[in-house]
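Heads up, the next two complexes both have chain A, just with different partners, chain B and then chain C.
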Partner chain A sequence: MISSVNPTIKAISILVPGIFLSFTFDVFTPLIYLLFVLAITFTLTNISISKWIKIFSPFVLVALGFAWMAALYSNQTYSYGEVHFQLWHFEITTGSIQTGISLALRSLCFVALSLLFALTTDSTKLMLSLMQQCKLPPKITYGILAGYRFLPIFKHELHVLRQAHRIRGVSRTRGIKGQINQFRRYSIPLLANGIRKAERVAIAMESKGFTGDKERTHYHDLTVSKKDWYFLTMIVGTFIAVVAISYYLGYLNIFGRKF
Partner chain B sequence: MRKVQPKQNPLLKVDQFSFAYENINKPLFKELNFCLYENEVTLLLGASGSGKSSLALCLNGLYPDTVEGVTSGQIYYEGKNISDYPKGEVNQQIGIVFQDPESQFCMITVEDELAFTLENRKVPTSRMSELITEVLHLVGMENFRTRKIHELSGGQKQKVALAAVLLLEPKLLILDEPTANLDPYSTLEFIKLIERLQKKRHFSILVIEHQSNDWTELINRVLVIGQDGTIKVDDTSDNFFQKYQQLLSNEGIFQPHDVMDIYRCQDYGTASPSEKGWILTIEHLRYTRKEQAILNNINLKIRYGEFIALIGENGAGKSTLLQLMAGLLLPDEGEVLFKGQSLICWKENELRKQMGYVFQNPEHQFITDTVYDELTFAMKLNNISKTDMKEIASTLMTQFHLEKHQYDNPFSLSGGQKRRLSVATMLDETPDILLFDEPTFGQDAKTTQELMKMIWKLKQNGTTIIFVTHDMDIVDLTDRAMVLHNQEVIYEGVPETLWQQEELLKKTRLRPPSWIRKNVESGVFL
Partner chain C sequence: MVNQWKLKEIVLMSILGVVFGVIYLAFFLVGQGIRNILVPFGLGPLGYEVIFGIWFIVSIIAAYILRKPGVAFTAEVIAGVVEVLLGSAAGPGLILAAAIQGLGAEFAFAITKWRDYRLRILILSGIFAALFSFVWNLYSSGNIALAPSLLIAMLITRIVSGALLAGVLGKWISDQLAKTGVLRGYKLGKELQRRREKGAA
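Our next item is the complex of A and B:
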């Protein structure tokens, strides 16, 4: 299962095809790779399909938007082929349609890859892995981990502040000046409380013997095993294979240059 | 008090120790001399703002390093100056459980938080799981191992905090008001737990508390820090509280069992609620959060001039109900009527003039830069003339002893002053109803007494008062108590009758007030 792959290796596996995909301007390469990512998302993880669709579907709209814009404004390199139709003085050609669709598929590939990572990775384990594999200093790691706990607290504080202002009758202040004042009134106590709480957490951490020392034992010992390398090979290997197939079939297009 | 064997070498020796945040000439506490011994439980008393918490952090070497503070004098742990220990070592010998359950964790799950302590101690990975199981068993939290900390109740969080500290295997345990945020029953449970652990492990304990009632049986020795920052008393005698009664009351410190006299300010008498009818009614109210019912089918009627206590265990929805009463939250079903008119139909500014609300954390009340602005804020919005404004503000400042702080920033005031100011901001026009969310939380005897005096005065003038509180001694003084449990009001009536319903008290994690407990202890039954 992908959720048990070492988070650092997983991040690298996802970044590599992500970066190289951005150079392919044909339809075939990203399409095949997208199908591959979808296939592993639904076979090797236990993400529920409905949850995945919920998060993924808004991006489909964004991708369609990208495609439409790219088709309209594609520059000379990409606007080859015959003109299909004309909109005002924009000419839609075979080339520009292809570039548009390719852009949309690439964006969807990024989204699918990111979801594959985000939905199978525990945030705590990611930080611990960055500390254990990438030698991120414990001070930063545990600082960020403590920060995770702060988000809901901050939300609650803001809610209380809003209420307090209503009690004092502040909702009546209007206009830009009032708005600025209101922002100032919210931000200062919010920051003051944030700093005070952060200080308390820091003291509590130190009182439990935390010194920022890099030598520490690990409860979740995150190691890199064979399985993690298999995963890396599978994700990156498939990408190379897809590019190769695309080259043999004559579809591959890098920055508008056909091979 | 519990007796211990004759004194050996001190575990911790404090020698001529002073601490100041900025200027050493204005120390928070000065030239302290005292010792803590092995297997001894010491209670540290002092009014709020006397620097008890800062002292705790000095004792385990976190201060003055982590703040901009200056010290003089020495602290010795097992005969060696604490500044001579390598970083992190004293922290492990002296563990602290802090007051605020929200801000003493850095991990998300219980298990990870406990592992954090073990990792700091460089305990081998293979032993961790076993140690975590053991300590969770010790504090009775076995079933919470993989739970998320922020989903736990206050009492459960404090037990996790205690478990994390126990994993350090400390020789001295400092408890900094560990029960201040807990409901009465959880408080008792926590203290019993400490008592059991101390008997088993024989560590020394330093307890910092405002209200020492429940700790008395456990304590061997009492230290008192006075308002001038010096040690006033260091005594192990049995009749400590009788012996120093006068001194303690001068210092504004709660004493066991006499809390009632502090709250009940006889000179104001008791005004009975008028028969004018209902000031606030709630009909078939239902409130849900994230599809989970918080309150269900609530029906309440509150008279003009009544003094009401809203009680229940941590998380029962008391504060939520108070916010619904104030129109800060809107119910999913049902209605809240204020003076016979639905809250939705009230004009916001009219409503706020007649209804006041005091937050649990006084700082939430403040929205300006000076005490004077704070007091006149609402008047400015209501276009009251400058001269009237000045007059009202100065009356309020005299009444609440804030004259000297007219131009101070509200955030720079002491705890007690903040509390007084937060109430004062609601009184520029006498409101008809005042809602208080745990107003006595974390306050010392003197502040509480002052607050209660104000309450009686307001009540005499006919203001309706609603308190959300965990303090059963306050509940005992109200006209009517309302108990929330499982989303509903399960008891509504005079407190005297409530105290007789043992089953109900147990179920709702409440306890009778201290005078009844005292009678029961000494064999007098109701």
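Our next item is the complex of A and C:
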């Protein structure tokens, strides 16, 4: 199961294809890799499909918008092939359509990879792993965790603020000026309270003996095992294999150059 | 670098990251709204360029309040990490993008050797964050395939957005916060107090 893979190794595995996928501009490579990511998302994790679709679907629209823009506005290097049709003064060619679809599929790959990470990773474990495997200073990691824990309190505070405004008869205002006023009325008190809490929590941590020393013990010891390397090999290996197949079949296109 | 920072400063960056992590996600929706209007012209993604500056604001606020080397960069990375922790659709790639934006923002402060925090430097910081992120998007989102005229329009929109939404708005929010008195323990609050005492004397 992917949820038990070491978070740092998981992040690296997902980052590598995410970075190198940006070299390709053909349809085949990102499409096959996207299918692979979807396959492992639905076989090796227990993410519920409906939840996944709910998060993923808005990005399909974003990707389509980007594909449409890229198809209309692709530059000379990427608008090869014959002209299919004209729209206003835009010429839509084979190349520009392919580039557009490729970019859309690429961004969907990023989203699918990110979801694979975000929906299977526990936030505390991620921070602990960043501290133990990446050697990030405990001051930073515990500082982040302390701040992150305030999120539910912020929700509560926003609620209180809203009620306080209502009871004093400050109603919702219309128009751009009203919106700006409203933004200030909510954001400044929220941030001010947050800063007060930051100070208090930091003093509390230090008074209880948190020094930020790197030589410390951990309640949860996160280790890197063979399974983590298998996962890395699978994610990165498949990416290399997909690029190789795409090269072999003659689809591979890197920065507009066919191979 | 980290040893120079107090724990309360790091928690402050993290809290800013939490608040703006949520705001960043909200602005993603605003961007979608603007995009829907522009989509028929094939200019949809330009909708995000208009509001792109908001994604740099944490760097400017944190650097302006704390005034130490590395703060602009670290605050942006922390905001990225928090966004990942929030469990949205953000993955490790977002932390990388945040790091590049943070480097851009830090660059402007590095030029002045972390001594000058006037409005013009904050605006410059927003502009550099826009430039750095633009170059990264040329590669990562494949923007390099777009026509030069569109790219120039995108770059200008993003720079203006970075200057206004990150530089000017960031300073305004920080100044408003300093007025409430909660920043008394930090560099910006101390400076405000000194100025007030001077005015009173």
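Keep in mind that, in the parts below, the second predicted complex is superposed on the first by the 233 of 259 C-alpha atoms of A that agree within 3 Å, B and C clash if a C-alpha of one lies under 4 Å from a C-alpha of the other, contacts with A are read in each partner's own complex, and residues count from 1 in each chain.
The rule we apply is simple: a residue touches a chain if its C-beta (ideal position, glycine included) is under 8 Å from a C-beta of that chain, and two chains touch if they have at least 3 such contacts.
None of these values were measured; they are calculated from a predicted model.
Chemist: For A:51, is the partner it touches chain B (first), chain C (second), both, or none of the two (neither)?
Modeler: neither
Chemist: With the two structures laid over each other on chain A, which partner does A:139 touch: chain B (first), chain C (second), both, or neither?
Modeler: In the superposed model, A:139 contacts chain C only, not chain B.
Chemist: Of the partners chain B and chain C, which touch A:117 in the superposed model: first, second, both, neither?
Modeler: Second partner only, chain C.
Chemist: Would you check which partner chain A:126 touches, where first means chain B only, second means chain C only, and both and neither mean what they say?
Modeler: The answer is second: A:126 touches chain C but not chain B.
Chemist: By residue count, which of the two partners contacts chain A more extensively, chain B or chain C?
Modeler: Touched residues of chain A are more numerous for C.
Chemist: Where does A:194 make contact in the superposed view: on chain B (first), on chain C (second), on both, or on neither?
Modeler: After superposing on A, A:194 lies in contact with chain C but is clear of chain B.
Chemist: With the two structures laid over each other on chain A, which partner does A:218 touch: chain B (first), chain C (second), both, or neither?
Modeler: First partner only.
Chemist: Identify the partner contact of A:14: answer first if only chain B is touched, second if only chain C is, both if each is, neither if none is.
Modeler: second
Chemist: After lining up the shared chain so the two structures overlap, which partner does A:258 touch, if you call chain B first and chain C second: first, second, both or neither?
Modeler: Neither partner.
Chemist: Just checking: does A:169 make contact with chain B only, chain C only, both, or neither of them? Give me first, second, both or neither.
Modeler: After superposition on chain A, A:169 lies in contact with chain B alone.
Chemist: Do any residues of chain A touch both chain B and chain C, and if so, which are they?
Modeler: On chain A, the overlap between the chain B and chain C contacts is residues 145-146, 148, 192, 197, 199, 201-203, 205-206, 210.
Chemist: If we count contacts the way the header does, which residues on chain B are in touch with chain A in the complex?
Modeler: By the definition above, chain B touches chain A via 57, 60, 62, 66, 87-88, 91-92, 95-96, 98, 100, 102-109, 111-112, 115-125, 128, 149-150, 164-165, 168, 323, 326, 328, 348-349, 352, 356-357, 359, 361, 363-367, 377-378, 381, 411, 425.
Chemist: Residue numbers of chain C touching chain A in their complex, please.
Modeler: 2, 5-8, 10-19, 22, 32, 35, 39, 42-46, 74, 78, 81-82, 84-94, 96, 139-142, 144-148, 150, 173, 176-177, 180, 182-183, 185
Chemist: Inside the complex, what are the residues of chain A that reach chain B?
Modeler: 124, 142, 145-146, 148-149, 152-153, 160-161, 163-172, 185, 189, 192-193, 197, 199-211, 213, 215-221
Chemist: Using the touch rule from the top, collect the residues of chain A that touch chain C in their complex.
Modeler: Touching chain C from chain A are residues 11-12, 14-15, 18-19, 22, 25, 55-56, 58-59, 61-62, 65-66, 68-75, 77-78, 90, 99, 102-103, 106-107, 110-111, 113-119, 123, 126-127, 137, 139-140, 143-148, 150-151, 154, 184, 187-188, 190-192, 194-199, 201-203, 205-206, 210, 212, 255-256.
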